[in-house]
Every structure is written in C-alpha cells, then in structure tokens.
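Below you'll find a set of structures to go through.
Shared between the two complexes below is chain A, which has chain B as its partner in the first and chain C in the second.
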Partner chain A sequence: MAARGGKGWRWGGAVLGVAVLLGFPIVVSDVYLQHLAIFFLLWVTLGTSWNLLGGYAGQISFGHAAFFGMGAYTSSLLFAKLGFPPWPGMLLGGVAGILLALPMGHICFRLRGPFFALSMLALSEFLRLVTLNWRDLTEGAVGILLPPFFISKLPYYYIALALAAATMLATWFLVDSKVGFYLLAIREDQDAAEALGIDTTWYKLVALMVSAFFSAMAGSYYANYMAYIDPPIVFSIVDISIAMILVAVLGGMGTLWGPVVGALVIVTLSEAFRAYFAAAHLIVYGVLIIVVIVFMPEGIVGSLAARGPRWLRPRVATDAPGASQG
Partner chain B sequence: MKRMGWISMLAIALVCMATSASVAGEVIKVGLPLPLTGIHAKFGEAIRNAYLLGLEEITAAGGVTKGAFKGSKIELLIEDTTSKPEVARSAVEKLITRDKVPMIVGEYSSSNVFAVAAVADKFQIPYLSQTGAADNITQQGWKWVFRVNQPASEYAGGLQDFLLKVVKPKSMAILFENTLFGTSLSKAVQEWTKEVGIEVTNFEPYEAGAIDFKPMLLKVKAKNPDVMFMVSYLMDAMLLMRQSKELDINPKIFAGGAAGFTMPEFIEGARGAAELVYSATLWAPDVKYKGAREFYDKYYKKYGVHPEYHSTEGYAAAYVLKDVLERTKSLKNEDLREALAATDMLTPFGPVKFEAYKKFINQNRLPTLVVQIQKGKLVTVWPKEFAAADYVYPVPKWAERK
Partner chain C sequence: MAEGQRKGHMDLTILLQTVLAGVLVGGLYGLIGMGMAINFGVLRIINLAQGELLMVGMYVCYWVFTLWGLDPLLSPVVTIPFLFVLGVVIHRFLLTPLIRARALPENQILLTVGVGLVLTNAALLAFTSNYRTITTSYSASLITLGSIAVSLPAVLAFGIAMLVSSALWLFLMKTDLGKCIRATAQDPDAALLMGVNVERISVITFGIGAALEGAAGSLLVLVYYLFPALGGIFTLKAFIVVVLGGLGSTLGALLGGIVLGLAESLGAVFVSTGYKDAIGFIVFVLMLIFRPAGLVGKARM
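And now, the complex of A and B:
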C-alpha cells in the first residue's frame, strides 16, 4: 500500500475520473468516438474478468470466448424465441456463464498443469460447433439478427460503463478480501496454499465463476449492441479469447488498472492505426505489441509499478507478479 | 506588405468558398468500407479493385456527366474493416459522422453488411450493398438499404429451372459448407425440393476447411441420387469433385452452388474431375449482358487476375453510383434515396432495378445463370436467352469418359 500520503490526490483523481466517464457522451456528441468509448469499456470488462482468473489466481484460460458466446447466445435466444427483454436477459446471460463455469472448474481445477487452459479452448470450440450445427435452435451459421434497441448511444454507453465498473469493483473487492489473498497464494505456490488449509479447488472456482459471469454479461451486451451474432464471431479464438489475454497481458496481469490500460491501447490504438495507416496498420500495431512485451514484460502497469516514479505506482503494485524483483 | 498578404489570403478563401458552394467541379466523397485484411481480405481486395477500375473509367470519361452535379468527380473513401463486424461499424460511423459522406457502398460478408446496414439505416444514409448474400439484408424493412446482387436463397434459381426442364431428377443429395451462405442456399434448395417433389437423400453440412470428404461421399454413393448439389468454397469444391471421381460416384449431374465452383482455380485444381460439372452462378464472362466480356478483359489486363462475380458486382455498383449521382437533385439523403430507388439501368452484371417482392424491399431482381465446364472452360448454358453454348447432357459416367 504505497503512497499513503497521496490520499487526497487519489480521491480528487477518482472524483475527476468518475466525472469524466459520466460526462463523456454528453460532452462528446461524436457517435464515432462514443462507439470507440463503448468498445473500450467492453474490453475493460473482458480484460478485467480474464485478469481476475488469469492474473490474480494464475489460472490461464485460452477459451474465455466460451463464456462470451454463451452470454451472447443466451440473451439473444431468449429474446428471439421467447421475447424476453434483452437487458434483463444480460443478467441471465451472466448466470448462464456461471452454470457453464461450474462443471468446468469442478472437473479441471482438480488437475495441475495445462489442463484448464486447454479444456477452456476445447469448450469454446465445442460450443462453436454446437451453435453452428443445432440449426433448429440457433439458426446455425445464419446467425441471429436482433432489432437495435436504442437509437441513441447514451444508454449503450452507460450500460457499458456500469458493466465495466461492476467488474472492476468486484475484482477490487475480491482481491482486497481474504479470497484475494488465497488466490495470490494459489498462484504463487499451490502446494503451500493447500498446506495452509486453503481449499484451492473451491477458491479457483470462485474466481472462475465471477470471471465467467462478467465475460458472459459482456457477451450479452455485445449481442445487444451489435444486434447480430453468429458462432464464428462470438466464439472466436483470435478475436475474443486471445484478445482478452492480450488486453490483460499488455496492460499488466494481476493489477487492477492493467486491463484498463490494455483496453485503451488495444481499442484506441488499433482503431487509430486502422484509420490512419491504411494497409500497413497491422504491421504498426504488431510492432507496438512486440515492443511492449519485450521492454515491459510485466505489462504497462506492471512495469510502471516496478520501475516507474513513485507517484505513478498503482495502489495494488505489490500484487503484480515479479514486482518484488523489480 | 503583411496586410496585403492577409487580404489576398482572405480573397483566396472567399473564392474557394464560392466555388465549393456551386456544385459543378465538386468532389463527391462516398464511403467504401471493405475487408482488406483478415479472413475475407482476398474478396475485399477483388471488390476494391473492381470499384477502382470502374471509378477510373468514370473519371476518365468526365466524372458525373449529367444532372445537378455535372462535372463533379467521385471519390471513394476506402476503409479497411478487417473482416470484423464491430470494426465495420466503427468505419461506417466514422464515414457518416466525420467524413460526412452522403452515401455508402461496399462491404463483403453478410455479417459485416448487417453492421453497416443497421448504422446506415439509423442515420438515414443510403447504402448500396453489392455482395452480402443473406436473405434478411433486404427483409428487415431497412428503408435506406439497397442491394445489387441476388439474395442467397435465389442463387440456385436458374439451376432449379434447368433441373426441372432438362434433368427431371427424382432424388438429390445436398452437401454444404456450414457457413451463412452455405446454410441459406442449401435450406432454400431443400425447401424447393419439397415443393417440386424431389427426394433429398442426403443433407450433409461440413465444417469450413474440411479436407476428407470420403465418409460423407460414401453415404451419398450408397443412395445413388440423380443430382449431387454442393455449396462449397474453393478447396472443398476441388476435393469433393476429385474424391467423387475416385469413388466413382455417378449421379446424372454434379451441380455446384456458385462460390468455389465458378472460380478459375477450381477447374485447374480439380484435375480433370471438374469437366462437365454444372454450377449455379450470378455471372460469367460470356453471359450476354452488354459490357460483360469487356469488363472481364479490362480487369484481367489491369490486375492479371480473372474476375468472378464478386468483382463484377463491385464494378456494376460503381456505375450505379455514377448513375444515381447523375439523377439526384441534391446530396440530401432523401433525394439520393429517391434517385437510388428509381434506378433502372444496364450493367455488365445485368440490369439493375430495385423492387419490392415477396418479403424483400429495395432488392435488385436478377435471373441467375447455370454454367458448365466444357473442355476446361466455364460456359454459360442456361437460361437459353443468355446462354453462350449448348449444355452437354446426359453426362457420361466417369468410367465411360476418355
């Protein structure tokens, strides 16, 4: 808990941050920027929920698109088949994510090694194939086209903001509680954690369920916002599962603000490069990611925490993996 | 001296403002979102090239040559949508709100067309789609969305006609790539078989990118259907035909549902197994539409690649755009929409006229063609009025061929 002296500054900063976030879509009426802000918030949610499990509990998932897609399909099908309103449907989407996480975690967390990562990969591919082939229920590859719910972007923005804030608060709360210390203990040395009497399977499962809940809510949100989903889009390994890892790793695994910075980099820079560098945008973007990973192996926030000036260090600096060596 | 500088700059600025206020000589910027990177990059590039070829010709001929915008040049603002719907949405929101384009054309995959169409319709900016195939693109009641190409369910219209009049099959196997296009077209054909009383012996989806079709083909062989209908992309089309020949499957005809079966690479890659295969298609270079052959030659000369229907659609859309700008009263959305709706012209892709029929609105209603591979060449054989040569039927069994 560094920088205790800066408490006043922190509160001031927090109030300012909240004001900026709440006021953004009112001051900036450009829908293009609003759209980018919405995607930034969506990726904060996704990066943070992956980070809770991967960064804090050390359980790497290669297939979080399983939860994302599950949420997207749950709320969309509820709406398309039963007329169930899509925004409450988002909550049910999140619950569907938990229901999916329960058996997965229950089975996989008893094992060590890469089993969980690979099982998640398999799960997301399995769900992609099921939704692709269960044509009577899901329309298969034709996908589900929903009517757009709001004309204005304001409601979308505030829902995305609420979702991102809830995910970050849940992470903050969990990590600051006893559970958070258990998770860190599990990440650093599972045997030692067991020896201390921590039910490692259960606490890993708790982290997975929270992570799945918010990932699935984000999936439902995506479906509501984009108003069209199909299996290759929502169960995409590269565009969802890997991108979630990228957001967390780039920003800083195991830090609260890492995924926020990661999402900012991924969403805004990739769009800026796309808009201004034409065909070369992927090269520029790729080089940037390589540079960050080579020179800041603990992610942007993680590296700043370890080496940066004192006032820049985030509050959870001591949680960053490798921070102690830096 | 300094004051003189200011005054002359002011004068220049005033002159500039005056010229931009008058319409003649203006540059009209139109948005063209396309997937230039990512999984659909190949198609995005082919379509971009076709638009640019069309635009080059239009500009060389004096740009917009009639109407309120006589003498204006058209500029296409190309945005790479990286084959992702959310990026297509970013791109089109940028085009509309930042670049203030009066109209949008382009996109390729149906999922991206949905994203663009929803935004265009919300902002009430006319959008002309030339390739997205999903039926519901023009079934959503989107007043501002127009489509040049046929909807997926109609891709096999010409082929169905050919089957009823020439082949008169009793049974049919339907094999398809499990994608939006494959599923939509196969379902439409399956429903049609129920109407006309053809028994479907096999209805088999396969994963995109599959390479071993023998287990599926053996099931087909056991049923020995009259027609084997396949909706496939390039590699799977080649492999399906090669493996059908190896397994000596002999339906009365092999028929493809556009896509892979009409690509020049298919004929080469199928190594002789492509001969006499039929396929539905939207367009072929020898079709008797004015300018079709010329487009094919020009495109091939400029890019060194054989264009297929995706490119022709882009080229045709560029000319539709020019035609609309020659007829519109202003660049206001209502006027542009009205001009689009009143389109009635001939393009190398066929006549373009937007109609409302069945559940569709703003939909160009075009016949689809049947091509057959004869002596290693794609030949239009049906319908009769557009045919370049006679069809070869009956098709001899593999063993009886030389």
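And now, the complex of A and C:
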C-alpha cells in the first residue's frame, strides 16, 4: 500500500510542496541549481512511471530506456525531418511509447518469471542498435542536434514540473482507483487475482502503457532540454534503465512519494560523486542498490511509513526452508 | 542500407565458413549460458551479474598471462577456483541473507544488478576502459580444410568449452553433490525433506555458476577483446541463450548457445555487421512468441 497517511496531512504537504516548487526558480536564480532542479523533476517523472509498473503492479522492467529513447527519437526526428514543433511533439513521443508498449506487453505478460524484465532489456538494446545503424533516418552515432528553444531555464523548469506533476497525479488516480487494487492484487498473488476474475494480462498492460507514455514523454523532454541526443545516451542501460529502478527502489517501491525522495538522493549523490570517481561514478549506484536491497528493502519512504505487513517482515516468521539451515 | 554488399551469388564456401564460425563461437556462448542456467535452476532467479563474472574471469586470465605467462588454455586452473570463491562469497554474504528473509525474487535480481555494477566499475577504476587483447604464439594460426579456413584459437576454445560442458554434465549426473543440485532444482522442499542441505547447495551452485564463467572467460580471451563494460553485453547474450535452451536446462543452454552463435554469424555476413547483435534479439523475441519453454522444453511456463 502507498504511504497512506491521513488525507489532511497529505493535502497540507502537497500545498506547501506546490508553493515551494512553483517559487523555486524565481527565488533561486543560480543556473546550475536550476539545472539540478530540472534533473530532479525529470527523475521524479522517470522514477514514478517505473514505479507504477514495477512498484505497484510488480512487473519489474530492466529496460525502460527503450521508452525513454523512443520518446526522445520520435519528437527529435519529427522536428528535424518534418519541422513538427517539439513541445507538442512530446505528446507524440508519449504515444510512440504506448505503441511500443502494446506488442511488448502482449507478448511478455502471458509469461511469468523474469521474461518481461529481461525482454525489456533486450528491447532497449535492440532499439539502441537500430538507431545506431539506421543512419539514413537517425544519423546513427552522430546523434541529432536540436536548436535550443529557450535561453532561460524557467520555461524548461515549469514544463518539467508539469510533466512530473502529471505523472504523479496519474499514478495517484490510477492507484486509488479500482485498477490500482487490481494491480496490487496481481503483485501480491497473480493466481489469486486471476481466481477473483481479474484479467491480469490486461491490467498489467494498462500499467505498462501509462508507464511507457510518461517515460517516453520524459525522453522527449530530455531531448528538447539537452538539445542533443545520441543512441548510447538515451538507450543507456545503466544511466537510464538502472537509474530509474534505483530511484524507485531507493525511495520505496509501491509508494507515491518514494520516487520523489529517490530522485532527490540520486541527483544529489551523482553530482557529489561524479567529481571523486570520474568515469566510474556508477560504482556508487551499485553500492547503493546492494545496501538498500540488503538493509532497507522497503526503501526510505517505505521504512519511514513502516505500517502494515510488507514484503519482508511477515514472511520471516514462517519457518522458511532456507531459514532453517545453519 | 549497403545495397552494394548484397551478394550476387551465395558462395558455398562463405556459407560453410560462416556456419562453422557460428558454431565455434556458439559453443562459448553455450558455456556462458550454462553458468546462468545452473543458477536459475536452483536459485530460481536470473543472475544479472553473470556477464560481469565472465568479465572478471577474463581479467584474471589476462593478468596471469601478462604477469606470469600462463597460457590462456591452461588458465582455467586459476580462473575456475578464483571465480568459484568469488561466487560463494557473493552468495554467502549478499544473497543468503535475502533468501533467508524470503525477499521478493525481484529484489534478489536487483541485488545481482548492483553486484554487476560494482564489478564493472571496480574494473574500470582498476584497469581503465582500455581495450585489451592477449597475443599468444597461436593467436593468428589458421586451420585450413580445403577452401575453408578457421582460426585455431576458436577451435581450441570450442574444444575446451565442450570438455568443460561434458565435465559439468558428468558431475551433475554421476556425483552425489550433482544429484543434490538436481534434486534442489526440481523441488527444494522435497530435497530438504530428503536431508539435502538446500542452503549449502544453493551457495555451491552459485559458485559453480561463477566458476563456469571463469572457464568461459579464459576461453573468450582467445577470440575476443576485453574491457570492463563487456559484462552487460554478455549477461544479455547469456539470457538469450538460456531462454533459447529453456530456463534452467544446462544442456539446452549449450544448444541455445550454438543457435545464437549461428544466427549472429549468418546475420553478420548476410545482413550487416552492425545488426549482428540485433539479430540475437529478434531470435529471442520469436522464441518468446512461439516457444517460450525453450527449443527442447516440453512444458509451457
């Protein structure tokens, strides 16, 4: 269950948060901090959209960069080849993400186990190779250079804020609806969910499509903001796919605010450690994943909330076969 | 693209050469996949650090060759025990606590992702991202059969991969420990009731899965270059191989490896080198659609 505190507390916090977020770039004029804030919002979007699928529906994806890159390339190519305006192009990027999600979900959600997780990984690698080699369309490794649309960071900030807010609101509405309970049921026990008459394949697909839509929009946004994309960047396994998982797992899978906390920690840490480890700064990601999984499997928000039976605690009590060994 | 590359006539020699090269590299893919398959059989999770363990094996082989001149063909004597111990340590100190706490399988997989990231970036810090190769006295040797020429290192690597695979098969079939491993893979609860120390078997199996990557690393060095980020590529290849062969089936993995090797090799020659790796994914997706239980599997997942 989500951090399901009193609704009043949640609304109060939300109002305060909105005020801070709206005022931030006006009060803080430092361009570097504004840039970090934009990346924070981008990671909130990505972490939240991964979390909807992985945290709530329990369908772990190791290749969400596929959607991110799909969105980035769709809007960039629409602009570069057809002159289609880039910000409406973001929406089309999101739609492209859904079009990619449909066949993937259709093929993989019939199967259980690690098929979906790793098929996503394979899909993102496949797309990376195609964009790298289909030079006539994508310019291959040269990448696509876009003109910067705004000089100031303010418009970028507010668009990122709107995107992050839309993703979180969509997750909130979905999770609070009947669909949300179906997703939780599927995560906890797919057989039981099916026995209750839930069309598990369909609801997993719904979660995947929403997740893909926002991930792809984030990809389009990234392309517009950075004004440059190439295949290794937008289809990166570690920098996009794994980082999305880390944001959600660190903050707390299956919690609304988990990815927000996760994004804050990741953006801060990766900035702090980039200077120390240079190329190998990702070692921090690896250590973080291990530490969180071993010591804090519920994530930061999950541990703080610590209410209700969750993954670890109730199952320790049963005399597990693995646990009775010395 | 590259319409000029389209062959006017498919030379039989080229076809045979390509098939042979595909089978040879496929044997190595099979060995790499077997490590993942045996782990999946017992642990029921995909170890996403499998390729990174292979990368560690390759670096161990590289350094014992560079520092002490130990021939890569003999280096499994070092890489197998080294990787076995590394695997046991990873399982004992990281995975075992999770299994005892009955953590979600997804979390266990994520843990292996973390282990992989640490291994890759530790290698990056220690050895830089430079590409390295080993040059032995027989590196450039060729065996010619009529008009077909194959590289000697590839043949040797294939031969040893088959030896190691056979040894693993005999071990699983004939020894008590092997039987315990198979029993645990079939039904951990029943194995436990029969007096099998399931947790110990799980640790040992993980060690064997890692040791297989050590052996594969020693052989891969002969035909491939090494760099720290290579792990991710081979984790994915291993997974494709394991899915082709049927999850958890070690012999199936060998078959899956040869199928993937053939598909890549034929794709590189008759489609385009750039798409070589993409062809593996297409084969993989076709498998998921039509035969998700693997090429030799009977039951559907």
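Here is the rule we use: the second predicted complex is superposed on the first by the 270 of 326 C-alpha atoms of A that agree within 3 Å, B and C clash if a C-alpha of one lies under 4 Å from a C-alpha of the other, contacts with A are read in each partner's own complex, and residues count from 1 in each chain.
Here is the rule we go by: a residue touches a chain if its C-beta (ideal position, glycine included) is under 8 Å from a C-beta of that chain, and two chains touch if they have at least 3 such contacts.
Worth saying up front: this structure is predicted, and the values here are computed from it rather than measured.
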| item | value |
| --- | --- |
| First (chain B), second (chain C), both or neither touched by A:Asn133 | both |
| Contacts of A:Leu282 with chain B and chain C, given as first, second, both or neither | both |
| Most chain A residues touched (candidates chain B, chain C) | C |
| First, second, both or neither for A:Asp239, with chain B first and chain C second | first |
| Touched partner set for A:Ala195, first chain B, second chain C, both or neither | neither |
| Contact residues of chain A, present in both the chain B and the chain C interface | 129, 132-133, 135, 279, 281-282 |
| Of chain A, residues touching chain B in the complex | 30-32, 35-36, 39, 129, 132-133, 135, 140-143, 145, 148, 151, 222, 226-228, 230, 233, 239, 271, 274-275, 278-279, 281-282 |
| Contact set on chain B toward chain A in their complex | 36-37, 79-80, 82, 84-87, 89-91, 93-94, 97-98, 111, 114-115, 118, 122, 134, 136, 140, 178-180, 182-184, 205, 207 |
| Chain A-touching residues of chain C, taken from the complex the two chains share | 1, 45-46, 48, 94, 97-104, 106-111, 113-122, 124-125, 129, 188-189, 192, 197-200, 202, 232, 236, 239-240, 243, 247, 272, 274-275, 277-278, 281-282, 284-285, 288-289, 292, 301 |
| In the complex, chain A residues that touch chain C | 54, 58, 60, 62, 107-108, 110-115, 117-119, 121-123, 125-126, 129-130, 132-136, 237-238, 242, 245, 249, 277, 279-283, 285-290, 293-294, 297, 311-312, 315-316, 318, 320-325 |
